[in-house]
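Report on the following structure.
Labels A, B and C are assigned to the chains in the order they are written; within every chain, residues are numbered from 1.
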Amino acid sequence: MNPWMQYLVWPLVKFLVAFVIVQVIVAAMNWIERRMLGFMQARLGPNRVGWHGLLQIIADPIKFLLKEDIVPANAEKVAYFLGPMLPLIPTFLVYCLIPFGPPPTFVAARVNVALILILALTSTGVYGIILGGWASNNKYSLMGGLRSAAQMVSYEVPFGLSIVGVLMLCGSLDLVKIVDYQATNIWNLFPQIVAGFIFFVSMNAENNRTPFDLPEAESELVAGYHTEYSAMKFAFFMLAEYSAMLVNCCLMVTLYFGGWTLAAFGHGLTSEVLGHWGWIGGLIGALIFFGKVMAFMMVYIWFRGTFPRFRFDQLMDLGWKWMIPLALANIFVTGLFVLAGQERLMYWIGFAAIGAVVFFMRPHKSAAAIPVEKRVHASRVSEA
Amino acid sequence: MQVEYPKPSWNDRFLLLDLFEGLRTTLRELFKPKVTIRYPEERLDPANRFRGMFRFSYDRCIACKLCAVACPIDIIYIDVHDEQREVDGKMKKLKVLDRYDIDVKRCMFCALCEEACPTKPKSIWLTTKTYELATHDRGDLYFNMQQLEYWEDRPRYDGLPEDEPPAALPGGNE
Amino acid sequence: MFDVHEMEVNFGPQHPSTHGVLRVLLKVDGERIIDAKPIIGYLHRGTEKLFENMAYPQCIPHTDRMDYVASATNNLGFVEAVEKLMGVTAQIPKRAQLMRVILSELQRISSHLLWLATHAIDIGAMTPFFYTFREREEILDLFETYCGARLTLNCMRIGGMPDDLPPGWLDDLEEFIGKFDAALDEYETLLTNNRIWKRRTVGIGVISPEEAIDWGITGPPLRGTGFEWDLRKAQPYECYRELQFDIPVGINGDTYDRYLVRMAEMRQSRRILEQCIPLIKATPAGDIKAKISRVIRPPEGEVYHSIESPKGELGYYIVSDGKGQNAYRCRVRPPSFVNLQALPAMAKGHLVADLVALIGTIDIVLGEVDR
């Protein structure tokens, strides 16, 4: 292929396609989150704007575009304008690096050190929050911004440490090779269940989602670092948050849940099988990938609907005193197994843990559900 | 009786089962049918005794002013004058109601006026099952005698009796 | 005057979680609270002055609006105080007493459900809010079927009750009672065992029983410290003497104990309701008012009568001059007003994030604090 095509145009096209798809998903997440949260809370989410509220996805951006853009009087103008953009741009760059399907078509830029690059890029999101909080000329925003920055920085450490176990097993930083390793063995969740859990918790903390959403908690400091932002800048913060969520979910799926493959021990839909089927196989792989990613996004929403939030010092406690030692212990244990050459024995840890949880959560107690027929007021509804 | 602290077992603490329990509750709730009533397409029928907007009946009213006295906020304005009228061939002194206005925007719908009314059936009653009283102008919420009896623009529920008083309640209002 | 490390922050009257218009002036050192001064008065409506200008029966709708979350108990306190002043407490028929107890206990459950909703959402758990309001909706429907209003009930009169129960009301009540325990179990799965909830509430706002009595705290905050004092058992009114129920008390006096106490109180209220239903079915229908005149003119004198409202001891002090139909002075002892005094003592040393938990656990309603 023409080198211009191979190294410039074609990756750009792939990146743009991935970017568009991701933005569509991010926009849809707005609706999915509100609807699913509503359903979990015994109410309906938005359902008036379109068919089941789907036009809300369009109504919200229109609202953001048309709102008055208020800039506080004594705000530091440059930092104020720069604040929302800083978390957004590195997150978009990460979309080049994540493999959405079997290579070579579905990876915009296949880099050997993709994992480290991704970690570095997502870490720069902290700057935007600090700038945004400080530039708003508001005591509360400053406190919220500092808290959020401290939280994000301190959860970067377990985030990175939990990946080391995966790296020890797979032997490469290249995401494609990690996925292929999982296709030939089992999903990395099973040998590295502790690391998977730490990774998931750190992901939640990185994205400022419940139970770690103290910087955004409405009942505390109104809205934290984005209190003073209105209209499109606020939309940028929201976009940055959802994009980061999506990127982190993609990372989780790639590292622990097998990426675009549905295979174990070399049997099933591995990269070769999908590559054998040409572009249809690639598409199937991409669909599998996005299916898993959406499942994880819904788990985010599920957590938001269930748990109360941690207090800030408890959050930091959790990060420094529990997650980091656990991650280090995980590295140590994984190292022992790898040294002994018996990686496959680690699968039993995962099976045991998951089996124990499923066993203890089996529905054996009489946790009765309240049947709808027995509700007093629903029987008096009339059609007006 | 002392409250009991729940005692988590070792596997509760270690395997995070308490968190999973909460997750299971919300997951179950996700699939249950919802009890939301989609107003304004669906409406909840108020109960029979619901204290809504007033209805007034000029024919039954004997102009005794007990309702005005009973109102805690004094929003019932009554003017009465005496007249000699021919009833059954004899001249009797009757009270004629000149003005019976209610300032509905200050009303708290406590129904003390309805309780105080001595006629059977009552001349003023609040059980019209109407709670949608919003208007665009404050003046629209000052109802005079004619409006109280025949308000035109109120939303109508099908099957609701127009000029019937509420059904007699066991135990009685009197 | 100010130490260099302190910052004065206004937890303003407009805030999503101050349960009304409460302003708390915080002196913080970083995140630690050094002093928290509640400033009230934003909802003052002059209720006690209004009482001096209205006849006794006209005051009852105004008492609804003080603690607007639990209006039946407000009505009950006032009505019982006037009856005590007039000396007719013994003449209230049994059916009226049982109806009053049923309405009070339903109101207690409804108030505690609302407390749980707001407390949980302040701490971050959003879902119990909607679940509890779903159950509360059914209680409000029961109220609506009985007296016509859902929130400001105006459901008691001096000398008895305004109306008898509508047909089928007791069956609806039984149906509600039947599934209430399961609903409470559902809320408990989300909160009671949850380690995040426990971390947010255990050890926060500890008060010892002696301190609580010194401050004059009553209600669940007092019972959470371990001191067993409930006016329904200590100074029984209506027909609580014949009903069997327990008073839950806490162990440590922290927020978690107060949460458990209120959850247990809801279960005990359900127990009371269960006992009342057969008792009320045994009384003759229609016998709901004592034989007193419609015009209420109490003799000269003064009375203080208090009842156990969901928030604590709600007291009415009524002075009558014997001449007119109005009270000479009616003073209300609101439980939230007195309980709020303990906020600075409880908040010292905790973080700003705990302040919302504390305001929620004392369970204040600004309508009552400011009147």
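Following the convention adopted for this analysis, contacts are C-beta pairs under 8 Å (C-beta built on N, C-alpha and C of every residue); 3 or more make two chains touch, one makes a residue touch a chain.
Worth saying up front: this structure is predicted, and the values here are computed from it rather than measured.
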Touching chain sets, computed without chain C: one piece
Pair exhibiting more inter-chain C-beta contacts, A-B or B-C: B-C
Distance from the mean Cα position of chain C to that of chain A, given in whole angstrom: 44
Separation of mean Cα positions, chain B and chain A [Å, integer]: 51
Rounded Å distance, chain B centre to chain C centre (Cα mean): 25
Residue numbers of chain A (touch at least two other chains): 40-43, 305-307, 367, 369, 375, 377, 380
Junction residues of chain C, two or more chains touched: 127, 131, 134, 137, 141, 186, 189-191, 194, 196
For chain B, residues contacting two or more additional chains: 16, 19, 21-22, 24-26, 29, 35, 47
Touching residues on chain A, where the partner in the complex is chain B: 36, 39-44, 47, 302-303, 305-307, 353, 356-357, 360-361, 367, 369, 372, 375, 377-378, 380-384
Chain A-facing residues of chain C, complex: 7, 9, 15-17, 31, 120-127, 129-131, 134, 137-138, 141-142, 172, 175-176, 178-179, 182-183, 185-186, 189-191, 194, 196-197, 199-200, 351-354, 356
Sites on chain A touched by chain C in the complex: 37, 40-43, 139, 210-211, 213-214, 217-220, 222, 304-314, 367-370, 374-377, 380
Contact set on chain B toward chain C in their complex: 1-6, 8, 12-13, 16, 18-19, 21-22, 24-26, 29, 35, 46-51, 70-72, 108-112, 115, 126-127, 169-173
Residues of chain B defined as touching chain A within the complex: 11, 15-17, 19-30, 32-38, 40-45, 47, 155, 157
